[in-house]
Structures are given as structure tokens and as C-alpha cells.
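Below you'll find the structures, each written out as C-alpha cells.
Each of the next two complexes has chain A plus one more chain, namely chain B in the first and chain C in the second.
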Partner chain A sequence: MSSSAGIRLKVLTCVLFAGFAILEWRLVQLQVLRHKELEEKAEAYRLTDRVEQAWRGEIRDRNGMQLALTVPVKNVYADLVVWTNHVDLLAHIVAPLLGLDQTELSRRVRQKLNSNNASSPDGDPGVLLLKRSVTPPEWPPIHEALARETFGLPTNHLTSRQRTLLKELRRWTLFAEDDQQRYYPNGQSLAAVLGFVGNGADGHLLQGRWGLEASLNQWLAGQNGVCASSQDAAGNELAFCRTREVLVGDGAHAILTIDLTLQEIVEHALAKAMARYGPSSASCVVVRPSTGEILALACLPAFSPQQPGCSPPATWRNHVISDRYEVGSVFKVITLAAALEQGAVKLNQPMYCENGAWIYKKLALHDDGHRYGILTVRECLAKSSNIGFAKIALVVGTNQLYAAITNFGFARATGVRLPYETPGFIRPVTNWTPTSITRVAIGQEFSVSQLQLAMAYAAIANDGRLMQPLLVRELDHADGSVWGRYQPRVLRAVVRPETARQVREAMRDVVEYGTGKEAALPGYTIAGKTGTAQKSDGHRYLPGRLYCSFVGMVPAEKPGLVIAVAVDEPANSEYGGVVAAPVFREIAEQAVLRYGIPPDKAIASPLDRRALVRGQPNAHHDLMAMAR
Partner chain B sequence: MKKVLTILVLCVVALCLLGLVMLYSTAFKPADLPRFRLQLDYLAAGLLLVPTLVRMDYGWLNQRPVLWVMGTVCFVLLLAVFIPGVGIQVNGANRWVRGAGQPSEFAKPVVITLLAAYLARLTNSVCRPGALTGQAYQAAAQRKTDDFKRSFLIPLLVGGVPALLIFAEQDWGTATLFGMITLALLLLAGARWSFLALTLTGAVSSLIVLVAFNPLRLERFLVFLDPEGHRRGAGWQIWQSLLAIGSGGVGGHFLDGSLHKYGYVPEQQTDFIFACIGEETGLWGSSVVLLLYLGILLCGLHILSHARDRFGYFLAAGCTTAITLQACINVAVATSLVPNKGLPLPFMSYGGSSLLAMFICIGLLGSVAWHSHPGRVPLRNSARHQPSAVQLVMF
Partner chain C sequence: MNLNPFSSSAWNPTEENLDTHPAGASASANVDHWDRGRTEEEIGFARRPWRFLHGIGYLIVVFLALVFSVFREVKHSRELYQMNQLIATADAQRRQWQEAARLDEAQKARLMAEVMRLQSLRREASTGNAADNLAALQP
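What follows is the complex of A and B.
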């Protein structure tokens, strides 16, 4: 072997040694210098935070009827990786499956592809949401149709690349992800109370945006299950790598105090009033005075909680709690209660009503269209004399009246479980003008919400005890066990039971022969008060824009229900006694049947009965005249 | 020599055992476990095969009929791959023959033997002592080594024809390996540098042309240039391999501690077993593996330089380069230093054909070592670097 051979062997040896040296250097580069970077990138593939979506709880009425529930749906996506080179072909196949327009579909995909190519440098085209809320039975046929699809490839002899392509296309052209959809089985009923949900926030698929859905969101939403772990390349979890695990806790069910049947009765009655008087809105709240439970709360015009976007946002408003009004004459009941409680007046005490016009401290006060001379206090209420009540208030005194108002819960939010509740507004006594007391006494110069008014009436109905309004009766765990129950709560005794009884007695006159005759219900004693308030824009009263209301209770002796009806801006400027009282009667008529409230008054004769239905004690004369 | 042989065997045994551990580690599905069992069977076969080959006198192979039979069988098997029904297509490459494994693997020792035999005869005929001396010897030697056809083209064909056949099987990695072994042996046999340089340039340029016109290979090449950029498509395997090796760090995740083996690196049990080694044993373990191959290389170099004859010299050189080159290329692929080739890691990757072929190479290497000792040299081969007593001139 010559020395040349030795050199050649050395050359080969050197080449091989150099190879090993390069490999070792490469290992150092990868495992030492780039270790951190590569390990992070490797973990990015492996680490998963699997989220198991909590099921949003139901909202039910007091009898367990479902008001809002969650249904499973699927959102269908396109994986644009496989779409990139086959947009038209895939759009042609997919469009009829999903019931979409083919050209529109291709356009959307192209647009998304173009925008993604511009934005992401690593060329990941991402995914595109093609269709929302596909119901679970709809999805498997779509999926199977794609799994059978040949995508224009000759299936009998495929190259391995084509086979891979076909597999990818069948698997990834469309895929579905689970989603939840909120369903309101009763349509527009109770819409303003229930509110609606929007797309998810902080990890939940559904997020309450309005009404109870928003205020009870934290209970309804539940807690998502989280499982931090690693996965293999196929996406299966490697159970031994689990580092953190939070079990899913489905949302609680909210049981409301609402009675869906009564709610529908109320909504039906309001709808009739809407059709008859064409007001801008009509609302009603029914309260059980002994507990403060809200049995029905309706606002019209309503919206569809399913698709709130299809109605103007003005219809979302819950007028009962969010709007404040100068309620007018219905407030006289509170003034009367304050006066009786104080012993300032007696029910049969005569008041001089100045023949319909009274100038007090240079400001005129009128009894609208009437010239009353001397009326007893109870007549003042029945006939709704402004002058009479201004004088009663003067007897009560400014501070005492203000104290009574706040004592009845006005000027403070009731704390009902709904968002955007108004506390109402009343100026502090120090800011009152000398004539303020005469205006406050008849429900002017300050504003309250309809719910506050209803609760104040309920206090009178409940022998003077003011209750906390209850809308949510119970929260139940997802498995049905009770989580918590809201107990009726007496806030305070605002008047003595005797005073409350006297006020109710005076209120009976309103229905029997006063302004609220339209509310009379045969067989039942009704106590109530009408109100017809002029609306103001904050500076002056707006002519022709009235707020008509009626708040009543049935039966008057031991009231089982307080019903507050308000009709806002009826088209033909009617009185509350004309517009709102019949709505009250219609609701009360069906409500007493529903709750089995026994009649407490004899019905004299069929003729009287018909007369009573019309609310006019002497109407039988008219009927006879007509018969003649 | 006994010591060297012991080291060689220890290196191989260590690689085989580490390979078994890694194979067990990559078998994370119950369906993967039969692989482990099969590999054990092949290792047992190797346990019988290697000592037999070591004790066998390798000179027996250097007989014309034996060489012809080996060459013909190898050629036929390589062709059989293309016969539909006999050949099996796996992953787009015709590499398998039903019932006989991968002919390209078994072709490795055969081609090395053929080349060694030819080159031994060629160089022996050139420098037979006593036949030609002085000026005349020099001239004759010059003439013979300059004879392009005899000294270069024919050996190139011996290595090149199988390489081309394997190339046609779409197994570019093994074909390249064959080309490199042939060139290495020609280098050792004293081919002129210019011929070598020309062949290398020719091979590289034709490869470039072929890559440029083959979309699959072009893609693999582009992937090699930027694995991360192609990580969603063709670069997935290489990129995941890099991530696995890189996340191993210095100390590694310890045996069976790898998480990236759970399906992230395709073919982890065969061609990409180094990814698992890198992740589980870290820089230390990977370096030990490289050192073991380096040990085989050093042992091989010692053995070939003490071979009793030229056939043994070339045989040992061929086997050593085959094993170390294949190991280097495999690790280079796993660390993305060269484009993806599809070569198994000797002694460690799962696969019967590859394992047996490598055992045959080790066996031949051991045989050269065993028979280098003067005491064990059969009578007809009297001394090292001496021409054989029986001159079988093929050409």
C-alpha cells in the first residue's frame, strides 16, 4: 500500500470525522442554544386548555313553566386550508347542503382568504364561520354527504396524493362546533323582564345583555370546566399530563315569582288597550301585597327576546322600573295615608274645595272641569279634587309629607333584581318652593316609577307593611336541588293597619261612585285610584300628552292582588279612569278566577250586574230608555 | 485486534439496546407493541448471524462463482420490486418485495463485496510484486490506473447500476448512500482525483436537475431550507423532529419522558428515532449515540488498516463507510442539516431488512478483523497486503 493510499484513507477519515463534528455542533445548537425557543414552540403544540362549556340555566315561572332555556346548536365552519385552491368547486358542493347562495359563498371565502393572506405571514388561511345555529339533527346529514362526496376526483384509481387530498377535503371542508342558543318558548311574552343574551364574553358562549338575563347572568352562566393538559398529535388528551382541572358547573335555574298565565292575561289586556287607545306604551305590574311578589310585569309594545335586533331599542325598555313619571292623582292615596296616619284629618271631615279654582300663594290650582264646593275627605279622593288634597297636605305639613313619601319607598330604588332601575326623583324639602307642597300632594313636581307606586299601594293593601319587591323566588342548582330561596321581606311598617284600612275604604269610593267606576268588578270590592297626569319635558307641561294610570287592589277588605296599570300618551287624551281602569277590571276579573279569590259582595240583580259591569250605578235607566 | 473487536461488538450491542429502549418508548399505542417484539426477533437473528459471519472466512466470498451468484440474485431482487404483485408500494416508493423485505438494504453488503472484490483484483494486478519492477512497473501501473474504463468506469458501474435501480424505486436516500460508498471505495482504490471530482460534480448537478423537475423532491428541498415556514404542510415531520430534539435540552426528559413522541413526529420508530433519542436523553444521550457510531468508525479504520489482504481492506472500508455514513445522514436529516432522505438509523431504527443488512456489514467487518490475526489466517493468504495466492482475474 503506497503512501498515496494512506493519504486517501486520511481524506476519507477526515471527511467522516468532520461529519460527526458537524452533527455534534448541530446538536449543541439545537439542544443548548435554541433549547428554550424550540421547547416553547413544542409546548405550544402540546399544551391545551380544554374548556367544557357550562350549560346556561333556565328561567322558569313560579309554576315551573319554562320562560327561557338553552338549546344545543352547531356552528358550521370552513377550514380554509383545504378551500384555498378549490373555492368554486367546494362552494358549488357546500352551498346546497347549507342552503346558502353559491356566488355569495365563494365571494365570502375569497374575501377572507385575501384578507388573511395580507395579514398573516405564515400563510395560515384560518377558518370561516359559514352558518350559525344549525340544529343538531341537521348536521349529521351534511357531514355524511361530504364524507361520500368525490369532489370531482376519479375514485376508482387515485394517486396517493389524490387520496390524501380527498381525505382532507372530506374531513375539513366543513366542520361544526357546539354552541348554545337561548330559546324563549313564549315569544314576546315577558320580554322586558327576561331581556336577552348576546354572544359570549369571558369564555361563555352566551352572555346576558338585558333584563334578568343580564342581572342574573353570574348565576345562570355557571362555571366553565377547564382542563389544562397536554394532547397528542391527534388531539387526544394525555391524561397523565393534566395540571389543572376545574369541573364544569352548569348554570343555576332561576325560578321567578312571575305567573306566566297571569302574565299572559295582563299582556292580552294591555294589547287590547294598545289597539283601542293607540298609546306610545302601556305597562302593568301585578303584586301580591302580602309577600311583595311580582306576579306579572308587562310592557307593550314588546320585542322578541329571540331576535332583539329586529325591534327598535325603545321597545326593550322596561317602563315599569326604568321610567319615572309625575304620576298625578294616583299619588293622592299616599297623601291621604300620611294625613290619616298623622291624625291630621278624618275621613268624613269636610274640606272646602273653592268651587274649582283656588289661588294659593299667587299660583292658581284647578279642579279640572269641576266646581266642587264642600266635599268630605273621602269624597275628595273619590272625585280626585286637587284643591281638597292641596289643603289636606297643608294640614300635614311639608316635612311630614316628605317623610311620608320617602317612608313609602319613593325616591329610592326598590332593589328589584332588574338592571337600570330608576330611583325616581324628588327635590329635598329645602329646595321646595312655597307652593310645592300643594303640587307634591297631587303627584306633581316629583317623579316615581310605576313599581314604586305599586309597592306603596301594596303596603296599604298589606295593612301598612312595605314589602321588598320580589321577582326571583328561587335559584336552583342544575340538578334541580334548591340553591337559595328569596324570602318575602318586610321593609318597614309605614302606616298603622287601621290607617291602611281607612285608606282602602276611601279608595273603594273611587270605584263605587268616583273617577274609577270603570274598574268595578261585580261581586268584588275594589279599592283603587285613577290618575291622569300631564307629562312634562322638565320645564313645562306638554299639552295633550297624558300619562293615564290606575292602581287598584282586589278585594278591598283583604287585598290579594295589587294591579297597577299605566297607559302612556293615549292618542285621544282620555282620563285614566277611562283608559286604564277597564284594563284593571279585565285583568282583575280573570285574576280572581285564577287565584280563587272568593267574591265578597252580593250581586243585586242581573240588571244591576250588567250595570255594574259598565261601572255606572244608574245605567239601567239608560238601558230602559234604549229598550223603549 | 481482539480488543478492537470487543469494542466494536460493545458499540453495536449498546446501540441495539438503546434502540430497543427507544422503540419501546415510541410505542405509545397498544397496537405499536408488536413492533417491539418483531425487533427483538430480528436482534436474536443478528445474535446468531454476526458470530457466524465473524468466524466465516470472508475470503470465501472472493470467488468468482460466489460473486456472480450474489450479484445476480441482488440484481434480480432489485428488479423484482418493479413487478406488480411482487413489489409492494409503501409511501409512494417501490421498496419492498413480498416475503423478502427491502432488496435495497440487502444490496448494501452485496455491492460492497462486489466492489471490494473488483478493486482488490484491480490493485493487486497493478502492484503484484515481482511481476514487474522498476521503470516497467511504474509504467504499467500508470497505464493500468489511467485506464479509465478498468479503473474507474467499471467499478462505478458495479456501484452505480444498483444505485440507479434503487433510484428508480424512488428511494433516493439509499441510492445516494450507494453512490457515496462507491465513491469512497474508488477514492481508497486510487482513482484519479479528477475522475472523482468529475463524477461528484456530475452526480450533484444531475441531482439538482432531477430535484428541480420533481415536485415532490423540490418540495422536500424547500422544506429543508425552511422547515418552520412549511410546518403546516410538508415540513411537519422535520419541524416536529427539530422541536423534539430541541426541547430535549442538555439533560433530556429522561427515558420515556418524551411528550412529543405522541404522534407528533411521523415515522418516529424508524427513520426519525433520533428525534425521540434527542428528546429523551438530551445532548448527553445524543452525543453518546454519536460517539458509539464514531467508535464503530474508529474500530473499522483499525480493522481495515490491519486487513490481511486488499479484499479485506476494501470490504472493511465499505462496511465502515456504509454504517457511519448512514448514521450520519440519518442524524443530519433528523436535525435538518440535509433534505429528507428516508434512511434508517443503523441498529436503532425499527425494521428487519435494515437491521439484518447492518448486521451483515458488522459481521463482514468482524470477519476481516478475526482473520487479520496471523494465527488465524488460512494458509492460502499468507501475509497482509500481499496478493492472493490464487489470482482470480475477472476481467
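What follows is the complex of A and C.
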């Protein structure tokens, strides 16, 4: 008995050893011999990189009003694996849920299935985007409706196969992915400045394509978060198995120098001018001369940044910075500043204006039908005498005039934070013809942008200090803390303060009794200059196609605002003083009320003083906010 | 049976006995006590079931330890999974909250834009009158 027990024990031992040996061998095989291959396979199943999309930052005006923000939406997809054999049935169920046409939906799915069959031999039909930008509250009812749907299968006694099919159909007929949509609550307002976004790049859902959205994209977009982790069989992340985590950094908020209220005032005034004169476009920029801040920038016709594709691309153009024109008489102010700065002329110095027609170097110059005899320099500006200014320029000299032009910032981009800014164009002085100086002096033979012109006027308003135009005031972190603030920057002194004061004095005459009387504002001194320039096609001037403008500052003595208005090709070929000056007045009238700029001219009675501040309870507050 | 309580060899174990039955655990001591006075064959025969029982006992202990470890691991995994679920739920709630907050923000912005538009209409009406008044009062 003992020997048989011993044998059994030995057999059992051998069996156990053999079993363990087999197990050991299998372990060695799995852990050592096929280690690398199996590890890769396991990690492919187990590991996952989850990307958390950064939230695109907002764009706000100087008072914190939101101009562009991002809202969450969902894109709804169909997994074509489950659609393959049930296209009509699923289209019948899904179309009413998504508000789509059933026939169209079936057609799209079939088209996609056919194209995928042709292109992918592995038989994966892929997914089809059925509807974009479904709002988050819309999605749960759709999802729940599908979860209750029987898809034509019996409601009970399902076979195992049917249960699986039903589960698959409920889960994958439709699924949603999170997306972001840019929202512009003020519609078309400020569209040319804000620009728009398009489909994402570099892993982001949205990508700035135009305007500030494009130029500030790297700050607005933020940094996507990445989380390397493990997942269970159902695809749920195992949070305790995270191996690498880069936290999401939401995009910065851009705070502009724009004042939305003033912007609306400007756009409203331009819209009225558009309706009245039917021009091809109208634009305006309002600058605070002491800091170079752009308070409003409007271009009409505008487009909807929400749906830029619905408007012709021509409307996307920011005429203030991207278009360059021969601006005409508004440039005479710069010529005058150059002449006064050099001491070449004095304001009351008489100039003979040749009775309206002058031939210089065999080329005739006219004063648009006016027969001016002797005018003082300030009268030349007030009456916008071409001949008078041609003669002033001759006194200044070619090189000095060219130097003054470049000194005022023309012929180079201002550096405003917007894409596609034109530097303007002026020929090098060596390429000027003998008569060029008489034409450049009155704003011909070279082109500038409206912003360059506004900044040059702002320099005169700012006692000769040329400022860098400021459109973005600061960038804030997503949590509201300040990331960086842009400070006003003086580029250089272009004329002495005394020269600037004299130019402003002469510009007052333009509004008081000259070509810009339409810009006059009761209670305020206005300094400005009208401009009516013929447009050219590069070879010759085009009759009847005018560029009418007015650039002015209010109040004249110590200007708080510079307003440049341009109306391009008004239908009835009016002068700048008729077309653009009233727009200036309308804007200035409301702007002085908004900022509480006190009247600086004698006012007849206390009644109109009260009228000036009527309806503006926050005017003082706004002024203080502006001063910050 | 040659158990002789008066035999000195039974009370004073030989070198061989000492080697075969070293003092140790209490169970061994009891067996030693039980073995006293038996021949080597008798002792060997009597010890086999004890050895077997020892083996079984060890196996049971090892098995229980394994089962305990497995259960503990299962429990631990379950706890981890539950905590993962909690984290996932919290994450989903955070996303929902953010989503709702962002929608509210958009709604607020839309309303503010509407307020701005209405203010603009009001300003338009009031400043028109102010300008008329001022123009009329000019000398």
C-alpha cells in the first residue's frame, strides 16, 4: 500500500511539474519571446491620447462688450457601417429628427457609400457628416429618440442577433462630436475689423481667416490639452492610468480700443450716406490723437462674419487699411504743415492764384472753375486752391516735400494689427517729373490709405507727435488676468507744436467759411479739410468717378477726436464737402456727447448746453473710461 | 510494541533520533512526544498521514492566500473603476456646466447687442432734437 501511494505521489508530482513546465514555457513564450509584439498590440488597445480642445478666446471692445465669442455646438455624423444595409429605413427615421429631407438624405448616404466602396478596398464605409452646428440642447432629444427606436424589429422575444443589431443601430445610427462655433452678437458691425474664422488647422477646430481673427489667431486659439491614458474595453478612459497630461490652455481674450457704441454711431451715419449717395463704398475711422487709439473703424457695405460666404468677397475688404487712393485736397494740410515747419510760408502770406488757371512747365493746373486772385495761405486752404498749394510746394522744394511726406508716415505701413495693410505708394523723388511737385502738393500722383491719412491728421491734432495706431488694447488670459497691455507709442515728432497749432487754425477756416461748412457743429470748433479726388485706372483719370473725403478734428483747439470719412464713387458725383462732411458732423455730434467733450464755442443760452448732454447719463463715466 | 518507560534510551534520545526529529514547531514536539519509544519503521509509517495533511494544509493556505490576493485585486480594481467612473462623471458634469455657461454667455451677448441697438435708436432720436435746438439757437 505504501509503495502504491508512493507511486501515486510521484505521478502526481510529475503531472504537477509537467503542468507547471508547460505554463512556464507559455509564460516565457509570451513574456520573453513575443514580448515586443504583444506589448505593442496591448498598448494599441489600451492606450489612448485624448485631445481636449482649447476654447477660442473672445474679442471685446474697450468697455468689455463681446464682439466675438465661441459657443459650443455639435456636429452630427452617421456611422455608415450600420447604414450600409438599411439606408431607406434609417433615412426615414433620422430625417425628421434632424430636420432633413429624407430623399436627399438617402441620396447623400448612397453617394458616400458608393464613393467609399470605390476608394477603399478594405470595405470600411466610414462616417458621413449629416448636420453641422446642432446646439447642445437640441442633441439630447435626438439621442433619446434613437435610444427608444425599434428600427422595425419586434419589441420582444428578440434573438441574440437581433438584440445585437438593435444595440448597434441605437448606438451608431447617429453620433455627435463636440465642435465650436464663432458667434458675433453684433451682426455685421465691425465685420471688416473682426474678420471671420474657418475650419481649423493644427489640431484646432477654428482658424482665423480674415481680420483680427487671423492676425490674432495664435493668441486667440490657445493650446490644446493632451492626455495620454488607458481605456477600458468600452473605450472609457481610466483616469488613474494617465501617463502624460498637458493641460488645456484656453485662448486669450483680445480687448480692442474700439468703442462699440461709437462704432454703431459711425456705422449708422455711413449707412445713411450709402442710402443717400449710393456710393460703391463708404468708410470711416475715428482716432484718439493723444494715444493713437482707433475708437471706431467702419466699412460699408459690410458682410456677416457669421456667414462670410453669403457675401461677395469684395465686402470683406477693409477699405480703411487695404485700399490706397490719390486722396486729393485733404493732403494739402500735410503740404501746409511742411511749408510752415520749414518757415517757407506764413499763414497770412498772400499767394497769387492766377485767376483759376496756371500753366506750369507746359502743364495746366486749374482751381475747379474758381477764379481766385490773391489769397492768403490760410485762404488757399479754406478755398482749397490747387494753384495756391502748387506754389507753396514749389517754395518748400521737392526733397523737403518728399521728406515731409515720408515723415508723416506715408509710403509705409502703419503697423496696425490687421492683415493686408497697404503701405501706399509714392515714387522715389528721383522719378518725379518736373511737374510732380505741383501735383503731389494737392494729393495727386501718389496714393495713401485712409488710416495713414487719419494718423497724419492725428499727429497735427497731437501737437506734431505721430502715434502708432493702436487697435488691440490688451490681451487677457482666459481667467481674466492681464497677459499683456499695449501702450500708446509716439513714433516721432513730425512738426513742432506751434506748427501743428497754426495748421489747426488754418483748418478751422475750412469749416467756418471754406469748403467744409457742412461739417460745422454748433457749440464746437472744428478743424478739417475736404477732399474730392478723381480716380484713375493707372493711366488716366476716370471722369465722374470720385473719391470724396473729409478729415476733421474736434474740438479744434485741443482735439479729442480725429474723424476721417471717405465716400467712394458717390452716384451723383458730389464734392467731399457735400458728401463726406455731413457724415463727419453727424458722427462728431454724437461722439462729443458720448465722451462728454465740452463745447468750446460761445453758446447762446443755457438751453442748448442742456440739450448737448441730454440723454447721455453715462457721458462722464465713458470719458473717464476712455481716459484709463 | 517495545515501549519501556524505564529505558534510558527513550528518555535520552540518541544522536540518530535527534537528527531525525529536531525540536521545532509545537506540532513536531507533540509528534516527538507521541513517537517516544517507537521503532523507526513505526514512526515512519505513522508520520506519513501527518506529512500529507501538512502538505494539504500548506496548499490550502497558499490557495487561500492566492484567492485572497485575487479578491483583493478584484476589489481594488472595482474601486479604481468606480473612482474612474466618478472622475468621468465629474468631467462630464464639468463639460456640461461649461457648455451651459458658454451658451448663457452667448445669450447674454446677444441680449446686450439688442440693448445696444435699442440704445442706439434712442440716442438717434434724442440727438436729432438736440442738434435742431442748437442750430435754432445759433446767432
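Everything below uses one rule, namely that the second predicted complex is superposed on the first by the 543 of 628 C-alpha atoms of A that agree within 3 Å, B and C clash if a C-alpha of one lies under 4 Å from a C-alpha of the other, contacts with A are read in each partner's own complex, and residues count from 1 in each chain.
Methods note: a residue touches a chain if its C-beta (ideal position, glycine included) is under 8 Å from a C-beta of that chain, and two chains touch if they have at least 3 such contacts.
Being a predicted model, the structure only gives us computed values, none of them experimental.
Engineer: Looking at the overlay, what does A:27 touch: chain B (first), chain C (second), both, or neither?
Structural biologist: The first partner, chain B, only.
Engineer: Can A:261 be said to touch chain B (first), chain C (second), both, or neither?
Structural biologist: second
Engineer: Touching A:183, do we find chain B (first), chain C (second), both, or neither?
Structural biologist: Only chain C; A:183 stays clear of chain B.
Engineer: Touching A:239 in the superposition: chain B (first), chain C (second), both, neither?
Structural biologist: second
Engineer: Who does A:41 touch here: chain B (first), chain C (second), both, or neither?
Structural biologist: After superposing on A, A:41 lies in contact with chain B but is clear of chain C.
Engineer: Applying the document's definition of touch, where does A:140 land relative to chain B and chain C: first, second, both, or neither?
Structural biologist: A:140: touches no partner chain.
Engineer: What is the contact status of A:593 with respect to chain B (first) and chain C (second): first, second, both, or neither?
Structural biologist: Touch status of A:593: second partner only.
Engineer: Touching A:11, do we find chain B (first), chain C (second), both, or neither?
Structural biologist: first
Engineer: Output the chain A positions appearing in both contact lists, the one against chain B and the one against chain C.
Structural biologist: 2, 5, 232, 238
Engineer: Tell me, which parts of chain A touch chain C in their complex?
Structural biologist: Chain A reaches chain C through residues 2, 5, 55, 65-66, 69-72, 135-137, 183, 185-187, 232, 236-240, 260-261, 264-265, 268, 522-523, 589-590, 593, 603-605, 607-608, 611-612, 614-615.
Engineer: Taking the complex as given, what residues does chain C use to touch chain A?
Structural biologist: Listed in rising order, the residues of chain C that touch chain A are 45, 48, 80-81, 83-85, 87-88, 98-100, 102-103, 105-106, 109-110, 112-113, 116-117, 119-120, 122-124, 126-127, 129-131, 133-135, 137-139.
Engineer: Quick check on the complex: what are the chain B residues that touch chain A?
Structural biologist: 28, 91-92, 127, 184, 187-188, 190, 229, 232, 240, 242-250, 259-260, 262-264, 278, 282-283, 286-287, 290, 293-294, 297, 301, 304-305, 313, 317, 321, 324-325, 328, 331-332, 335, 337, 385
Engineer: Which chain A residues qualify as touching chain B in the complex?
Structural biologist: Chain A reaches chain B through residues 1-2, 4-5, 8-9, 11-13, 16-17, 19-20, 22-24, 26-28, 30-32, 34-35, 37-39, 41-43, 45-46, 81, 122-124, 160, 230-234, 238, 241.
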